Amino acid sequence: METNTGEFMLSARDRPENSSDPDLTAANSEMIYRVFYSKAKLKAIAQTSALLAGFAMVAMVEVTLDNAVPYPSILLVLFSCVTTLLVIVHLFSLMIATCILPNIEAAVGIRKWTSSPHNKFKSQIEVAWILSTGFGLVLFLIEVALLIWIKFWTIMDHGPPQSVTIDSEHLVTDSPGPPAPVNNNPSHKGAMLAAIIASVAFLVPGGIAFIYFGASFYSKLANHAREIRMSEMDKIHEKRLL
Amino acid sequence: METNTGEFMLSARDRPENSSDPDLTAANSEMIYRVFYSKAKLKAIAQTSALLAGFAMVAMVEVTLDNAVPYPSILLVLFSCVTTLLVIVHLFSLMIATCILPNIEAAVGIRKWTSSPHNKFKSQIEVAWILSTGFGLVLFLIEVALLIWIKFWTIMDHGPPQSVTIDSEHLVTDSPGPPAPVNNNPSHKGAMLAAIIASVAFLVPGGIAFIYFGASFYSKLANHAREIRMSEMDKIHEKRLL
Amino acid sequence: METNTGEFMLSARDRPENSSDPDLTAANSEMIYRVFYSKAKLKAIAQTSALLAGFAMVAMVEVTLDNAVPYPSILLVLFSCVTTLLVIVHLFSLMIATCILPNIEAAVGIRKWTSSPHNKFKSQIEVAWILSTGFGLVLFLIEVALLIWIKFWTIMDHGPPQSVTIDSEHLVTDSPGPPAPVNNNPSHKGAMLAAIIASVAFLVPGGIAFIYFGASFYSKLANHAREIRMSEMDKIHEKRLL
Amino acid sequence: METNTGEFMLSARDRPENSSDPDLTAANSEMIYRVFYSKAKLKAIAQTSALLAGFAMVAMVEVTLDNAVPYPSILLVLFSCVTTLLVIVHLFSLMIATCILPNIEAAVGIRKWTSSPHNKFKSQIEVAWILSTGFGLVLFLIEVALLIWIKFWTIMDHGPPQSVTIDSEHLVTDSPGPPAPVNNNPSHKGAMLAAIIASVAFLVPGGIAFIYFGASFYSKLANHAREIRMSEMDKIHEKRLL
Amino acid sequence: METNTGEFMLSARDRPENSSDPDLTAANSEMIYRVFYSKAKLKAIAQTSALLAGFAMVAMVEVTLDNAVPYPSILLVLFSCVTTLLVIVHLFSLMIATCILPNIEAAVGIRKWTSSPHNKFKSQIEVAWILSTGFGLVLFLIEVALLIWIKFWTIMDHGPPQSVTIDSEHLVTDSPGPPAPVNNNPSHKGAMLAAIIASVAFLVPGGIAFIYFGASFYSKLANHAREIRMSEMDKIHEKRLL
Amino acid sequence: METNTGEFMLSARDRPENSSDPDLTAANSEMIYRVFYSKAKLKAIAQTSALLAGFAMVAMVEVTLDNAVPYPSILLVLFSCVTTLLVIVHLFSLMIATCILPNIEAAVGIRKWTSSPHNKFKSQIEVAWILSTGFGLVLFLIEVALLIWIKFWTIMDHGPPQSVTIDSEHLVTDSPGPPAPVNNNPSHKGAMLAAIIASVAFLVPGGIAFIYFGASFYSKLANHAREIRMSEMDKIHEKRLL
């Protein structure tokens, strides 16, 4: 909201819509639009990525892995990989954003739209954007689901404990003691049910909806941008014909 | 407060209320109003959603589930589902907001109100708005109630422990030892009472009031917007008739 | 501080105090004042409420309830109720603020002061204001006092433990072992004293002063606003009489 | 830094130092100075107080009181009182700041300097200022010192444990077992030394310097303000004499 | 987005591209560009560095080292060194940024571009930039990988415990008791696998990609800046020839 | 970046470099530069100090001192002193910054550069600056090193436990039980190595580089400021001679 209205006020006074303003010909306006668009995108990336990378690291530090609980390998592998990927993806976006932003800001500061590097780094900005807003958010969703599994695995019933198969004669003497509480964990059914429902009934459709809408969004926005540009081009052509 | 007053000062000088300003005809003003409105909404969504999604994840990481406590299945299922939903809802709103905002900001930057995508994505903005401010806040309330239940369940009296029904002959030998402290938890009555009162006497009416006022708000704001638009239309018609 | 001075500079140049500026007649100025006032209030609400609701939730997640400590029922009931209320009150204010703010901001953006919904939602803004700044802060104070009681209850002397009355013959055999440390908690006197002094000698007068000054503030501000409006009205009447 | 320079640029163009600007007579300028000064003060209060109240509450929630440690009464009493006071003081300042700020901001928004309530609430603003920046920061320092004592008390040597004096014949049987590790805490000398040095050698002189410089600051700033006002008054008198 | 558009609006009105504006000759514009560029860079450094140094310290405080786990020396050495380096690198960048920024901001405030110290401290700004955005982010990635190893080492199978080799006759009596659970940690395979996959399959390529893209970015941005400057120089030469 | 460019645009239009602008004579410009410089410095101090004081307090609250570990006295003394000093230093800087900033901001608001108190409080601003950016950051580095030592001391090999020397006949009976795990801590070598390397090989050179570059920075900046001022003075003299 800030002061964007300020310029519109000032210009409304002395600038009719199709004025001969040297900076605001259709072609120029398209270019300036791209500069502002890249700047707004990179700013959004920098903010979201720093926040989510921080949350991912806090989750890694604070989660408590119980020494006596037989976590399945696949869960641990997935958790460590998703956390690592999440941090890599967001730090990568952050690096791209903080590298290109100062150049664009300085170019905006002296109004040399052509000296802004947003055109040369078009694909990198796009990659950072998709990594941060698309891939990064989906990874964040998966991270939350894995956290729920790790939390609830602690209070689940893990079937006959692994130590049974290894030292079996040791089992005879005092097995009723230690393994019993593991085997009869009082809330194992609820934990299993909760983790399954949360992942299958909510996260899977949620993730699919996320990806579907994200992709449709992206194509719709691209279409919108193309249409706007097309109509601008048409206007220029018409003018030239007149 | 920032500099919104700046433009009013500048325009007050040389712009009577019904001036022939090319940018500020009634129809145009309606359009610019919608651009600013969408922008302010999306900014509010982005801020609130990031914050609440973060709090939900922290709550999930930090909550400690006790291995010896027989949590009821329904509590665990609800907690995991509400947390997952909360994160999905807020990340979804965040994605929509960060996707559309840069386009609107760039359009405001070059004052091409027609190139702003707020019209094409009207329903998506509305969905993000309701998910974030309506559904998201109600879920947050429920999350807090579930956290209270999980916290207090640890110190509640859980009736005869489940392990009694499973290995009954094991119970005879040393049941007075371990199960006794569970059965006679010193503050079980207070915990039960506290959790019931907090949910039934506060959260239920609070939630209902929340939904009721939220809905009435929404309809009132919609009415207000329609009335404003109607009077604008009337003014335009009157002008044309003159 | 930002750029509020900017407009005063620009206007100081060409606008004497009682100019015939079409936007700044006394009646108009009153209306614009109310728009800015509502906007500043709602922004303050949104910031304070989000912060305090977050702190209340963190306190709920992080507090550790000891299984062996006989917390009194009233303490647990109060703690859960105050936490729930605190979160409800602040989320409610947050919802109101984020619902109305975008409308006011968009209205300010196009300078249609009449299209701002601050008049229609006057009572809701007032309710959100009192809930957030008045009721919410008092609840926060009470929350801190309850936290101190819960923390210190753990190290207090709780009289003869409850388990004594239930299984008394069990007590004979090994009572000198476990119950003794509970009964003779080394710092029980200090904990009791600290909790009593903090609540009675500080929180009660502090809370009363808080409510008293809050109420007197509110009436004083209302008086101030009425006086300003009265003098404005008088000026208008005088002008009409001339 | 923001845009304060903007107005100086605009005015530098067409306003000599002693111009006949109707808004900027010496008397007026003094009034506007007070409005801006009150606004800047209240903003600083709101930010600092919310932060420090939050830190105090987090410290209260997170500190762990050990059941087996004989904390001295005075330490517990002081800790609970200082925490309560700290929260009260900062919430009180926060309430005053959030109550008065919207009025001042709205008054600045419409440039009616006389309608700003900063004059009527002069003493309250001063009280909030001293509570937040003076008293509040000193309390925060004391809170840190008390936290160090509580932390280090856990690993100090507490002399013969209290339980010795109470059940002395019980001591004979198994005293070599449990009390021995308490009595011979391996790092008790260092902990005692550390707590004493930190409080006596650093906190006491630090606190005194804090209060001394705070008070001298306050009087120096008051002097400065009086001198500025005096010279202004002299200028007005001189002008009238001419 | 803020008000950068404001100046372009104002200038678009009365400044053709190659105007004889005394401040905006090609040489001057290059200088102003460098001032704005340094300022934007230093601001980005200050924000990123403070955040990441804080996260590194929190990770150090919160990580729990288990007394009974035989961490390998190399892991502990790496963890402590990386944490220390991370904090040093970011605090160093923070110091440089906070030292030079006020000078540049004040120089921008009075528009004396030549008095800005960005030229004299060119290499320091560059060093801070590379330390913060390049080296600092890579260290942060390594820190996350080391955290995963430390977390997962706790639940790994550590082979025959070290204590076996030291007091071997002690082992005979009660070795089946304590060492067994260490030796047969139920989730050791998964933990080992997870840590290896996360580091080797994700972090190593991720880190390499990070360094590669960072370096290529850096050279590309330098090229871009050189090209822009070259074309500016050419324009000046051409003008002089005419 | 905000709107600093705004004023340069507006002034570029109608102000040649050596114009007779009454506000921008060389002497005046020097004064305004000092006002902006002090303001930017104090803002940076307020932000950095609040953040680092908060981190120091969190570190104090969260660090866990183990009752059974014989921490050396010097470590505990250093840790408590550095934490106390860190909090004092940053709160002191914060107090100075929040005391002087509102005065400077209000003076900037009404453009009475002479009424700004930055000249009278020159030494205090300098003290706050050095305390916050110089001394405060070095203390923060030392704090991190001490945290590493405290963390790693828990898992180090502490030689024969102290209790051995005190009750030696008690040692004979059950010494093989408890002291053995302390004596043979499985990761003591790595911990010792890690702590030594982190402090000696990284922190000592890092700290020295920090102090060296900080001091050289400070003198270089002072030189730069003096040179700028000298050349300004020369210009004034030359003008007077002409």
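List of remarks:
We just call them A, B, C, D, E and F in the order they show up, numbering each chain from 1.
Methods note: a residue touches a chain if its C-beta (ideal position, glycine included) is under 8 Å from a C-beta of that chain, and two chains touch if they have at least 3 such contacts.
Because the structure is predicted, anything quoted here is derived from the model rather than measured.
A rotation of 60° superposes the C-alpha trace of chain A on that of chain E, rounded to the nearest 5. Because chain B and chain C share one sequence, their contact can be compared position by position; here under half of the interface residue numbers appear on both sides.
For the pair chain D and chain F, the distance between mean C-alpha positions equals 20 Å. Chain centres here are Cα means. That of chain D falls 34 Å from that of chain E. Our note on geometry: chain B versus chain F, Cα centroid distance of 39 Å, whole angstroms.
Under the contact definition stated at the top, the residues of chain E that touch 2 or more other chains are 1-8, 10-11, 24, 32, 36, 40, 58, 62-63, 66, 105, 108-110.
Those residues of chain D that touch chain F in the complex are listed here as 1-13, 16-17, 24, 29, 32-34, 36-37, 40-41, 44, 48, 51, 55, 58-59, 62-64, 66, 133-134, 137, 140-141, 144-145, 147-148, 151-152, 154-155, 176, 180-181, 184-187, 189-191, 193-195, 197-199, 201-203, 206, 209-210, 213-214, 217-218, 220-221, 224-225, 228. Residue ranges on chain C touching chain B, taken from their complex, read 2-4, 6-7, 10-11, 14-15, 21-24, 32, 36, 39-40, 43, 46, 50, 54, 57-58, 60-63, 65-81, 83-85, 87-88, 91-92, 94-96, 98-103, 105-112, 115, 117, 120-121, 124, 158, 161-163, 166-167, 170.
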